[in-house]
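Next come two complexes, and both contain chain A; in the first it sits with chain B, in the second with chain C.
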Partner chain A sequence: MCKTCLSCSYYNKPFIQGVINMEKSRLDINEILREKSKQGHIVTKEIEISGHSIYVIYMPSITKNAEINNSILSPLMEWKYRKGQTPVHTFSTEQLQVMKNKDELDAHLLDGYTILIENEDVYALDTAYFSHRSISEPVSEMTLRGSRDGFIESIQENINLLRVHLRTTDLQLEYYTVGTKSFTNVILAYIQGEVNEELLKEARKRIEEINAEYVSDGGLIEQSIEKNTYSLFPEVQGTERPIKVTNALVEGKVAIFVDGSPTVLIAPITLNSLFQTSDDYSFKWIPASLVRLMRYIAAFLAVMLPSIYISLISYHHGLIPTDLAISISKTREGVPIPSFMEAFLMQVTIEVLREAGIRLPKPIGPAVSIVGAIVLGEAAVTAGIVSPLMVIVVSFAAICSFTIPDYSLSLALRAISFIMLFAAAILGIYGLIIAIFLLSIHLVRIKSFSVPYLEPFAPYYYKRWKDTFIRFRFKKGGSQ
Partner chain B sequence: MSDAKQLTALQIIVLTTSTMIGIGIILMPRDLARHVDTPDLWISIIFGAIFMCIVSIIYAFLSSRYPGLSIFDISPIIVGKWFGFIFNFCFVIYCLIISAYILRVTAVIIKNYLLDTTPLYVIAGTFLMVSLYLIANGAGDVVRFFQLYFPIMMFMFIVLALLSTKDINIQNTRPMFETDILPLITGVKITLFSFVGIEFLLVFGTLIKKKSAKNLMYTLWTSLGLTSMLYILFIIISIGVLGVEELKEIAFPTIEMAKSIEFQGFFFERFELIFLFGWLITAFTSLTAYYFSMTTGMKKMFGGSRFMIWISGTIIYVLTLYPEGLTDVFHYSQLIQIISAIAVIAIPGILLLVSLLRRQTYVS
Partner chain C sequence: MFLKRSLISLLLLFSLAGCWDIKEIEDIGIVLGIALDTTEDDQLSMIHQFVVPGQIPTQQSGSPEGLPFQNIQIKGHSLFEIIRNNSLESNVPPNFTHLKTILLSKELLEKKRVDQFIDLFIRDHEFRRTVPVFITRDTVEEVFGEQPMKELFPSIQIKELSENHYLNNLTLKSLTIGEMSQYISEEKSFLIPGVGLKEGKVISQGAGIVSSEDFRYQGWLTEEEVEGVRYINNSVEGGYIDLSEDHIEQGPVVLEINGSNTSYHVDHSGETVQLHLKVSIETSLAEDWAIGRDVYTKGWKEDLEEAANKNIKKKIENVIEAAQTEYETDFLNLSQWIHINEPDYFKKHEAEWDELFTDLDVKVSVQTKITEFGTQNFNANEVGDS
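== the complex of A and B ==
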């Protein structure tokens, strides 16, 4: 299989031995030269070697000058005539790729290749140099234990990182080019033997169906391959941790790498998989299970706590113990707005604070959260606009929402907590139950790449129950 | 549309059990107490379950003789187009009446215990709309939803049963085994009604393909056993907490029983909320099952249109709001029992009989 480069039309086709001799290019050389020499950012040189005239074309911004000098120009200059050979024979077959049409030539030029034109033949040599940052720990996904490397913006480096964690020959990579104008490289990775054929077919189909001009980030790919456009819940999981991708691939999922984006997409996902972190597997199973369980409860509270609170105090005081009801009503004394508005205002305030914390430069961020949390909250209570208990409830719910490992899920649940708030304000506990039913019907209905979102809870899949609310121990002598 | 292709035994148990446990758990204790009038009334439930076990043999045979077909497909095949239409029509009417009955009782209970000033039509309307949303996308969603809530529902009921044990007055449950057998056996006509829902197997026949009659029979018996165990547990607790005399007078004894549980020092002092949530799940699943059956039947009879779900929903809604008050609703229970007997016992029985006489089977 030819997998030497990303963009030529030979990828995944049987490698043709002696390509140079077999295939003759049908390109109009003069036209290419005319066009390329006009463009300022492309260098076109003509070299005369023992009567052969060779053209060299490359883009200096994305190639290594030293590489061109040392491995292309110098060997060419030193070429000595031998019978039946031309200067191009300096290079080995593996180095050279034959260009058959203009699109291919342009794609290679953009990938940092240097184009050699000799007589009628056009070849490309890899001299690419793209700058990228060094590997660092992903900011959005923190862990306590385990590998700390994170993906970066270069697709080749990312594959490299994946290979570090996943040393198996079964790892298959399929190359795609997406974007009718940007020609972004996309890689579909999976492990042969683990992956389900239907999933693979569906993933291929969805990538091929992407119809966009410019693709600059994984998030765009995510949105163009998912089907539940009107759902709040993510259909694929984006991660920057190679270890997460590795685990997903081992479980038989597929991963989608996008050039220029540190976010790698994993599909299919379930609600349960969004609650798993790599820390769960690196600690002993009982404490890890307790943490996992706590995370589920925290997610439930993040969505439900404010709405349960307001439905209790505005509809069903009878269900609260009398002493507590009295103390609650004491704290609410003098609060001029209804409890629903109180909760709504507090929730909005917290969302604004959260967003401000993300957008602000790092040194100022904490300052704003402190000002927001302490000063605003304290002042609002003292001013008698909100009751202290409401501040406790809403801020605890906000803190609970920070425990959700996946940011897309956390966004979805925050939006849902507002819906719950409205439902509780309109119909009390009954409204909440109705809203919970609606939410679960929605979750039961949506699918990620044909996998039901609530698997293994609905439909039942017992074998995976040991890795849901708790993370059961690994079998001795084998992983998982 | 639907993605589930073949139901497993557990899925059948979940579906039928969730359908069976519904308003029966709330209404049956009172009716039974009025009829039997001794603490032994739970024995009637066993008789009812045994009777339904016998009836369920019909379903098992019918379903295995015609794999991959629902009752609405089966009846025209067996008794011809016109009689089949009449049978289907009866079954649809039965589904309609049961849906409306469940919806009305549920709405009244919600109004009584949770929202006393909200109009009934709002409560019934919202509940029905949620059910519509669930069935709009086909059988796969229904199966998954039932599966999702089955453990939650069971968990809630078991927690409630455990919590209520401290309020049980053992004197209330005595004397035991003192009653004549006759009133206990005639009590079957009340307990039987609590077990309707098992015929939901026939509606989901499209998803039952490779099951033998014996296999299906055991599956149905398991779900009947599970349901009757839950009923017996709750009726004994209700007798123990409230006593038979009180049981006869209270409209919704099981909820009153749940209401009487009190724990000091918890955030919640009263636990009826847990019961109401658990019970609303069962009411919702029962309603959805009948609504789904009705829509399926209507689609079979009058052509499959997407509007059928709205038409059947509207009819259910109108019928739900038709009776004046709750006493008016209970007034119809005699009628409902007759219609249930026709749809649950007579129609499948005739179908199986004719099918056996004509030695007809259907192998797809």
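== the complex of A and C ==
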């Protein structure tokens, strides 16, 4: 019977001598010691205990020093000789991992393990400590109601957060390592039974096909697994909110976690799914539907409003109500540049302001908005360079684009609004219609992981419209 | 490669096209009204009422010095010539998509045929078929030059006056250029709503008759006659019946019209045709000058209704008589009821309808109902009608 230690799981079980020794490592100890002691960031210590010589190797930057002291060095010091035992028997077999070759040893050392060398045997003990920030609300995805936790840069913490929201044994995690230099851990998560096999195969294939040296963020993975490289529209959705990931997983989608990145990728997505927010589901269905509908209208305006305005005032004056036409005519009097250039310049100005607002440190941020609003808006109008109505139109379109929940989609729509602007400037409403046709053709063609992007509108599934423009009520006694 | 080339050539094509059709809104002259007249040497004269955006008062700068509109009068032999000669005087090309009013002078309609000079307004795509047409006996320059108090532009004022037809029966519903072309195609006589000047202000006033014979001006209807026309055309939506001249006991009374309906019955026996107009009007008591009158007195309501019937019937019969004897023109469009009810008879006599119309037997019956009495002081002292 094993009575070596109380903490070990082999306590009071038939003692098998050499559980540890059974897998003898074949390593050149001297060479390891020589190599490691040369590197400044690796600590190599030799301890003499009752005639046994033990080497301890660890990287102090990624290990907990207190833990090394308390649970490795102190127990070793207190070790008393017993027959047939060596100091390594202080530790339970669970704690110890036998290193078989040098690669394995290096990998564990870099993962924060402490390496113990006793005679010819090399073991590793987990003493890892990687710093990461605490869990906080994601800055780019605010919510009013519902959970406010956000993913952080540690993949294990992220899986932990996912488990908080999703306690099911059906949750499957597949581990991948991506990057020939960075060895980034990537986890493919899905729920067995919900997920479509085809989708799973596709996702696995695309992750395995990633051919990169260094992967630092989910966004890079996103771009390397996308098929529509020339499309403006995102093919996977990046989110920092665990609740969004759990919702997606329950719906049968897959999620891709990347170590070191707070962005988790969800696939497949549709245009419709990018307009959904978790708030839609936490409020009653009628107000939530109105908000959802408003978001669609706002997205339409963000893309179309400046171009419609341009085409009306430079081509189709007859379509404007007389009173409005007269007042527009008055406000534009004395504006030296054509309306198209005016709109284009204003749009560019707003994009610059928006970009500046992101880059600036928080205390200086408000300064940009003051400069933007007062100097550019007010002064440009008083100076007569732009007409006040154009300022209203362009800034309202910009505000509309802020209602779009997904930032990638918002970027895409802003780019499209420029295309629309050109189309309107060249051919008026006629040009706009052509541009809309081209956009529609593009949208019905692209697919995200084999799912049509406009589903359920373009492959027409009327029954699934319950969660599109409006969010229909939940069924009594069940969800959705 | 082919795709790339075709894409580039497509983009180049766009830049070639440029903004070829672009016309900034401040670079066009918005024309709100057109007034047509003739000169002494039988030429046409046309006034364009342009908007002058710089002179429109704003909240910040208050009201500017000049008028917010500019009337440019040009003479010529054809309308298109005049429109194009605007460019000799005005730096902005006229744009007629916001046209609100076409004003015709009586003299023009006397000298020129409507169906001839209306051609441009129907043919050109920039003119809308919904632009209302008006006729005036005053000089068009004066009517178009009078700035209204609240409204900025005379043309809009004229158009909006005609939209008050549901409050009052003294003016006609507006006649659009589209409807006018319809009458001309059907070879029917019609009425053009009139406007005029009264103490320096533009007012709605009567109507001008255009006969189907030569599509020229034939006569002028007064406000009272216009009221009769509206009952005949079944276009009464509101208005009032003033019974102050009908000697109602204790004091004059005014009824408000809540609704009215005219139905047409045609009796055809042998070669004679009789048209029977049945007008039923729903009214409420709007104003009563007799203090302390008991409206529940038996028979009083019936007396009132009878007086109203007589009043309206007289107005209708006056117009019909004027049409039959004075103008001998069917501008009331009574022919359509014969056409609808007795198509065979009408087809047979269509050619000679103008003569037949003068002898057409038209019977009028009016049925007024008072349905509401409103609120009044209950124990008011009878002051007496002194």
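Rule of thumb we're sticking to: the second predicted complex is superposed on the first by the 418 of 480 C-alpha atoms of A that agree within 3 Å, B and C clash if a C-alpha of one lies under 4 Å from a C-alpha of the other, contacts with A are read in each partner's own complex, and residues count from 1 in each chain.
Note that contacts are C-beta pairs under 8 Å (C-beta built on N, C-alpha and C of every residue); 3 or more make two chains touch, one makes a residue touch a chain.
Fair warning: this is a prediction, and the values are worked out from it, not measured in the lab.
Engineer: With both structures lined up on chain A, is it a clash or a fit for chain B and chain C?
Structural biologist: Pair status: fit.
Engineer: If we overlay the two complexes on their shared chain A, which of chain B and chain C does A:F340 touch? Say first, second, both or neither.
Structural biologist: It touches chain C, and chain B stays clear.
Engineer: Would you sort A:I441 into first (chain B), second (chain C), both or neither based on which partner it touches?
Structural biologist: first
Engineer: Return first, second, both or neither, reflecting whether A:I433 touches chain B, chain C, both chains, or no partner chain.
Structural biologist: In the superposition, A:I433 touches chain B alone.
Engineer: Touch test for A:L324: chain B only (first), chain C only (second), both, or neither?
Structural biologist: It touches chain B, and chain C stays clear.
Engineer: Going by the contact rule set out at the top, does A:A425 touch chain B (first), chain C (second), both, or neither?
Structural biologist: In the superposed model, A:A425 contacts chain C only, not chain B.
Engineer: Once chain A of both complexes is superposed, is A:L454 in touch with chain B (first), chain C (second), both, or neither?
Structural biologist: The first partner, chain B, only.
Engineer: Looking at the overlay, does A:R332 come into contact with chain B only (first), chain C only (second), both, or neither?
Structural biologist: Once the two structures are laid over each other on A, A:R332 reaches chain C alone.
Engineer: After lining up the shared chain so the two structures overlap, which partner does A:Y315 touch, if you call chain B first and chain C second: first, second, both or neither?
Structural biologist: both
Engineer: If you take every C-alpha pair with one atom in chain B and one in chain C, what is the shortest distance in Å after superposing?
Structural biologist: Closest C-alpha pair between chain B and chain C: 6 Å.
Engineer: Which residues form the common part of the chain A surface touched by chain B and by chain C?
Structural biologist: On chain A, the residues that contact chain B in one structure and chain C in the other are 315, 318, 320, 322, 427-428.
Engineer: For a test of understanding, state which residues of chain A touch chain B in their complex under the given definition.
Structural biologist: 315-316, 318-322, 324, 427-430, 433-434, 437-438, 440-441, 444-445, 452, 454, 457-460
Engineer: What residues on chain C touch chain A, complex-wise?
Structural biologist: Contact set of chain C toward chain A: 14, 17-19, 21-26, 28, 30, 32, 51, 53-54, 56, 58, 95, 97-98, 100, 126, 128, 156.
Engineer: Residue numbers of chain A touching chain C in their complex, please.
Structural biologist: Per the stated touch rule, the residues are 313-315, 317-318, 320, 322, 325-330, 332-333, 335, 338-340, 422, 425-428.
Engineer: In the complex formed with chain A, which residues of chain B make contact?
Structural biologist: 4, 10-11, 110, 114-115, 118, 123, 126-127, 130, 133-134, 137, 141, 143-145, 147-149, 264-270, 272-273, 276-277, 280, 284
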